[in-house]
Amino acid sequence: MSILVDKNTRLLVQGITGRDGAFHTRMMKEYGTNVVAGVTPGKGGQEIEGVPVFNSVEQAVKATDANASIIFVPAGFAGDAILEAIFAGIKLVVCVTEGVPTLDAVRAIAVARTHNTRIVGPNCPGVISPGKAKVGIMPASAFQPGCVGVVSRSGTLTYEIAANTGEFGQSTVVGIGGDPVIGTSFIDCLKMFQDDPETKAIVIVGEIGGNDEERAAEFVQQYVTKPVFGFIAGQTAPPDKRMGHAGAIISAGSGTAEEKIRAFQSAGIDIIYEPEQLTERLRAKL
Amino acid sequence: MSILVDKNTRLLVQGITGRDGAFHTRMMKEYGTNVVAGVTPGKGGQEIEGVPVFNSVEQAVKATDANASIIFVPAGFAGDAILEAIFAGIKLVVCVTEGVPTLDAVRAIAVARTHNTRIVGPNCPGVISPGKAKVGIMPASAFQPGCVGVVSRSGTLTYEIAANTGEFGQSTVVGIGGDPVIGTSFIDCLKMFQDDPETKAIVIVGEIGGNDEERAAEFVQQYVTKPVFGFIAGQTAPPDKRMGHAGAIISAGSGTAEEKIRAFQSAGIDIIYEPEQLTERLRAKL
Amino acid sequence: MKIHEYQAKAIFSDTGIPVPREKLATAPPEAKKAAEEIGLPVVLKAQVLVGGRGKAGGVKKAEKLEDVESIAGQILGMNIKGLEVTKLLVSECVAIKAEFYLGITIDRARRKPVLIASAAGGVDIEEVAKKTPEKIIKIEINPLLGLLPFQARNVGMALLSEAKLATEFTSLALKLYRLFIQRDCSLVEINPLVLTGGGTLLALDAKINFDDNALFRHPENESLRDLSSEEPKEIEAKNAGLSYIKLSGNVGCIVNGAGLAMATMDLIKRFGGEPANFLDVGGSSSPEKMVTAMRIILSDPSVRVILVNIFGGITRCDDIAQGLIQAKNEADIKVPIVARLVGTNADRACALLADSPVLSATKMSEAVKLAVARAKEAE
Amino acid sequence: MKIHEYQAKAIFSDTGIPVPREKLATAPPEAKKAAEEIGLPVVLKAQVLVGGRGKAGGVKKAEKLEDVESIAGQILGMNIKGLEVTKLLVSECVAIKAEFYLGITIDRARRKPVLIASAAGGVDIEEVAKKTPEKIIKIEINPLLGLLPFQARNVGMALLSEAKLATEFTSLALKLYRLFIQRDCSLVEINPLVLTGGGTLLALDAKINFDDNALFRHPENESLRDLSSEEPKEIEAKNAGLSYIKLSGNVGCIVNGAGLAMATMDLIKRFGGEPANFLDVGGSSSPEKMVTAMRIILSDPSVRVILVNIFGGITRCDDIAQGLIQAKNEADIKVPIVARLVGTNADRACALLADSPVLSATKMSEAVKLAVARAKEAE
């Protein structure tokens, strides 16, 4: 097993004809992901990297039975693209696009809930179940099949952490995204990892802003029996400054790294201060 | 049994302090309906006809466990009143108010569906299960406990028809309302009547406009095993004129009484041309 | 509430939906002046609140300036389905590559707005829907989300194939939907929506109907009302809270409830009579409303008898009886009155009418038969 | 994006939310003139984009006209949390019966807008929420429905008890919500919302933050931006598609990804160094962006070393290497550069940098230690 994506994933790429869409379609195909269709309105009938392009998600799903979608369309259109995927019956939507207006995300997530669709992101690197499927923009070389589940608000930091799981490799790595409002939370992933027999340990990669880490810590304390490791970025971040991610901001003194580290510690989560320490810690617990 | 309302109905009256709200609260109480609460913002703490008044539906439900609501508030506020009832967890909302903007009804009905709330109306006389509960504005004298289920788009015509069920009386009489967009359709009621062991025969009282009667006829043909009688008002109505009810209009040649009578006939529904004929027809079939 | 094409186009224009250059004229010289300003050829279109004006000769093209006045003269004053043409729209003549239909309305069965589009534009869409339903595109709109850009774009792609035009269509359809919602319409329609020779989309015709139930929150619509196209007595009735429609028979009727009113009319016909009107006194009755109802009905000289059929619920029979007595006191009513009052406070009503010359009945059939008989006697 | 109180109040006023009579002043005589027009007493309020101006002495009342100029002189030019006060709001002094808090923001955990209200207004709401959470009313808003009138009214009843005032509150709250949605805000706040001596509601203060991600569809917000309150280098970076924040250390860093950039800063600190900045080159990198990043970092005279830490994904390492080479070609860079490039196209990047003086490392810890060591040597 693994979570969210695997060999049964039949992927649709929304915005396949753009620079990033086309590039990552090739990378995902090379990785072995079953990319079955692409969508760019007006470009229907073309092929990109051997993948048929359709004018609409509905047409693409009808023709190819796609069951997951990854979105590369520009920020102003991403909310609508997510809704198009939901309305066409897609059950997993990974939104890579950065800079999506918060209210668009709020709306799309509200609709997704009533349709039982899972949204990952926006502003996320995607999901990879190493050796099975990559639905995202992460470099393949950082990932190895294995037993550590990684869930992270970050992109490149996730690759760094994953690369340090050493000989244990990863069952699935989920980049949930750095925006204030995202479709999939730490807790959503913790539930799935806890239930996934292939996952033996879990790493949570958090950062300043919000309190998703604190809620994740509570959940770990109550429900997670597997070893959990935690990393929090932003201990040196100044207050009231948005640190790149729209969601990474300490405001009114809350959302600090200290609070999150404290919450992790009191939930029995093993804190990692240097990414490269992860390997030995895993060795100690597994 | 019976459908929609009975002795377990704990009724809330929204707009209880208005002329009609207060009058019909007394009439419903006199009939034996368990009216447990009323709501009029700003009048919380008062009593009307011995019924405690609250400022909000939420407070009323918390204090009295009301499970059904009847709405008498003015047209401009009725849509919001329905939503307030839905959000407070009420599962049956009867909207008597006439003149509710169509888009308000559309919105409220869309929300009701996601909350599993049944809306009857707007612009309807309500529901009565004779001898058990009256949630509406119909005159008690027209109704007798019995075995005929009546469903109607009209108000007074319904009383007329019900009064002509003679010795058979009525299990439940539902006035679904005369607006183009209403929460409960003929089919919804036909399903319930078909499943209600106490109902032995069903009368559908339709009128010009729309095609709810035609869809009801199809449903009767496929699923209803009980004897069904049909009455259609508006055989002499001119085209393109709204006949009182917002929904009663023949437009672009469709929605005529002839079409509906034909649909009823081909579904094996026994057509009643004069309300007073109903008694003998029931005698013939029951 | 219906409004004229020229009014709908002004609203479209405010909303950013492109319409042809055009001017309203109420007299032939005005039409000529408008044509000069717009440039020839022009199309002259009768402004009447009924369909089928094209077939009735109410839409004509003028190639030369000298023709404009004479054609305008033909159209102005024309009677189309009972309505006199008093206004004319002088419109630029647009080169047309393709014609489409685009409309938004409420689907009663689905209880939500629907967008309807078709590549078969410029013709009767009801006909298209009946004969070639495959040519109709129908998009259900979630009322909590509104028309979504991707939905509009997919329709645009289906109609226009080209991405650039689909984007133009999307923008236009979203504006049309916003208008539909913001002004509480029951129908907005562009038929035809044309692709011009210049390659852009243009609303060649425009139709907007407003939801009567929502007019109270749109005072801006009142100034758009064309009272000349409405029956004065129907307006008077509406202002009094009554719903009245004039018919051609001689049995006047006053009923509470639209369904019962129609059923009463149907029964009059069934028993050999002809209803003179539809009249619903409405839910909350008052004696004053009865007085108005009587006056309106009696102003129709064909009326030979008044049938009052009331099944009291919200309406109280004593209010009705009170009104009847008051009406009789205020005016010398010559025609006989047949009253059948049952339901809420029927006993009190009975007592009130005991000494009056009003003929009473308890069954509906009885009352109708009595009224029909009196009407026949009086003719 | 934050805007000033006076700007937020202008928007409130346009939206129909009542605000006090007030005028902006940038010099003491102007303040005096404003006070004359408004009428005494007045309150003078420093306009700065940070909280806590009251405690810092930036809000003062003037009873007499002769005091206005001197108090204005005290406040203008004041430095509040590093920002100079250049604008002053002269506001009428309102008689206050009660003070409330009203705000709308996005609840990250619930993923929807929330309305927050409290009878404890005029004070730090975060404090109230922490110490006396029972004084906070929090209403979840279904984003597909918006704030519903009954929800607003129920809050109004809870705060104000009286039906008439609750209705006034409802209208105000609905306007505030409409504003929140229509202008893509991340926060709208009235603290305090006051019940005046005259018995009406008034927004005595106003705060609006816009969602940065949605600014692209609100060109009207650009003119509201107060560039004087932003670090010029941060603006330059943003214009180049970079995310840069100046810090006080001497290890400049260029990283791709916000999380990795923060982790790099944290590791510099952990290994005994001090980061000079946060800099995320963003997802789609190009050599030009790297050149700009280098220029921005080098303009900080404290910087003794540049640490480039890239884990390639969307970002391609060869683009980064290209940029480094280009930057070195364009300017004479004196400080050492430590680069750690792994992931997409790392091999090509390696080849490009083979002959350059850039110090390479493969592990993050190694690179950070090297950079910290070089920075220490250079001091």
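As written, the chain order gives the labels A, B, C and D, with residue 1 at the start of each chain.
Heads up, the rule we're going with is that a residue touches a chain if its C-beta (ideal position, glycine included) is under 8 Å from a C-beta of that chain, and two chains touch if they have at least 3 such contacts.
What you are looking at is a predicted structure, and each value in this text was computed from that prediction instead of being measured.
> Keeping to the contact definition above, tell me which chains border both subunit A and subunit B.
Of all the chains present, those in contact with both subunit A and subunit B are C, D.
> Farthest chain from subunit A, comparing Cα centres?
Farthest chain from subunit A, going by C-alpha centroids: C.
> Return the chain pair with more inter-chain C-beta contacts, choosing between B-C and A-C.
Spelling it out, more C-beta pairs touch across B-C than across the other pair.
> How many angstrom lie between the CA centroids of subunit B and subunit C, rounded to a whole number?
27
> Roughly how far is subunit C from subunit D, going centre to centre by Cα mean, in whole Å?
Taking the average C-alpha coordinate of subunit C and of subunit D, the gap between them is 54 Å.
> Among the residues of subunit A, which ones contact at least 2 other chains?
107, 111
> Among the residues of subunit D, which are close enough to touch at least two other chains?
Touching at least two other chains: 144-145.
> Tell me the shape of the graph of touching chains, choosing from line, ring, star, complete and other.
Other.
> Dump the list of chain pairs that touch, please.
Once each pair is checked, the touching ones are A-C, A-D, B-C, B-D, C-D.
> Touching residues of subunit D toward subunit B in the complex: what are they?
145, 148-151, 153-154, 157, 162-164, 166
> Which residues of subunit D touch subunit C in the complex?
It comes out as residues 144-145.
> If you look only at subunit A, which of its residues touch subunit C in the complex?
41-44, 55-58, 77, 80-81, 83-84, 87, 107, 111
> Mind pulling up the subunit D residues that touch subunit A in the complex?
106, 108-109, 111-113, 126, 142-144, 181, 184, 186, 211-214, 216-217, 243, 245, 247, 255-263, 265-270, 275, 278, 280, 282-284, 310-315, 342-344, 346, 363-365
> Quick one: which bits of subunit B touch subunit C in the complex? Just the residue numbers, please.
Spelled out, the residues of subunit B in touch with subunit C are 19-20, 24, 75-76, 98-107, 109-111, 125, 137-139, 141-142, 152-160, 163, 178-182, 205, 207-208, 210-212, 215, 231, 233-238, 241-248, 252-254, 257, 273-276.
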